């Protein structure tokens, strides 16, 4: 039984989703764990994680458009606006998606479904370096 | 210290919530783990997990109605519509709820609150077989 | 490798966010785990968890205001209203945020980002005692 933790950085180019499935798979492979869990964590409050359909890019376009509509930048009444119109919406979109995800490992592989990918969801307009930490615990 | 992973299938009959608390409890009991964590994972992008009040069914009716209203099927502007009007909304409702949940185990039991149940939240109109994977890690 | 579970209680004073980062840190320190994961779980269906920006209180004010607007108390059509107008909205706000969070531990510390705090999100108007369970698994 081992528990192993490492981090990597994702360079985003502004709002959108960025797939990190392969990098999480790599962490699992390096750990040699056959049976256990992989915890993925994003160390930010204006970007989040989401497990989403990774086959048809139009699904992700609609995801982006939906959040622009549900949590619009020009929402009246925001107080926390010092860093610009995409500041507060970023925190809210993060709160509505995920900061951590835990995925079982079987036979040395993440037990993801056929259409599931793991994505960083960047909520700021500007490019950012986002830190992802992956822990693998198992046998 | 052990880490044990297994899966089961849930037959849904279209949109709604389907309780799986007992099946997760069974996985914990079979593992004989007394102290640790249970990870529940759903391997799909159009169904999700939610821990919700399981005493009064009216709470779940309101949950279903709320999502129909917040993420309606006829939302204008969706591009990802090949599989019908419930396709894209399913992905969005999944992104707004959960793909994984982790529940501590104490004295061989899930440490759920009195009114908490674990549910599969089916977002498609049609019946589906949904795969749930449960990992139990602990002593 | 150990897996250790404990609980503490948070006294809320009605709707709002209550930081528990230090108490989760304490559980990690007491466990002496250097490398692993901390699972935080809230045993309730009308309060939730959220990892949120903890530097500027105005961000949390906007979070509270946003949820009042997105899931208003006077939403027409709710059936589950026996416990008052904040009853059903509490369940929905909980479903839209988190019941569990898992945070990697490195060098004996939670690997949180600079601006990340762990909060109980109370959705009821009245004061409540909320039970938080923390499991620490690692080496």
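Labels A, B and C are assigned to the chains in the order they are written; within every chain, residues are numbered from 1.
Basically, a contact is a pair of C-beta atoms (placed from the backbone, for glycine too) under 8 Å apart; a residue touches a chain by one contact, two chains touch by 3 or more.
Note that this is a predicted model, so its numbers are computed, not measured.
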So subunit A and subunit B: same face meeting same face, with over half the numbers shared, or different?
-> different
Degrees of rotation, nearest 5, to put the Cα trace of subunit A on subunit C?
-> 120
Subunit A and subunit B: spacing of chain centres that average the CA atoms, whole Å | 19
Two or more partner chains touched - positions in subunit C = 1, 70, 96, 98, 102, 137
Provide the residue numbers of subunit C that touch subunit A in the complex, in ascending order.
-> 1, 35-37, 50-53, 56, 58-59, 61-63, 65-66, 70, 96-98, 101-106, 111-113, 115-116, 137-139
Sites on subunit A touched by subunit C in the complex | 1-5, 7, 39, 41-46, 70-71, 75, 77-80, 82, 88, 91-92, 94-96, 98-100, 102, 131, 133-135, 137
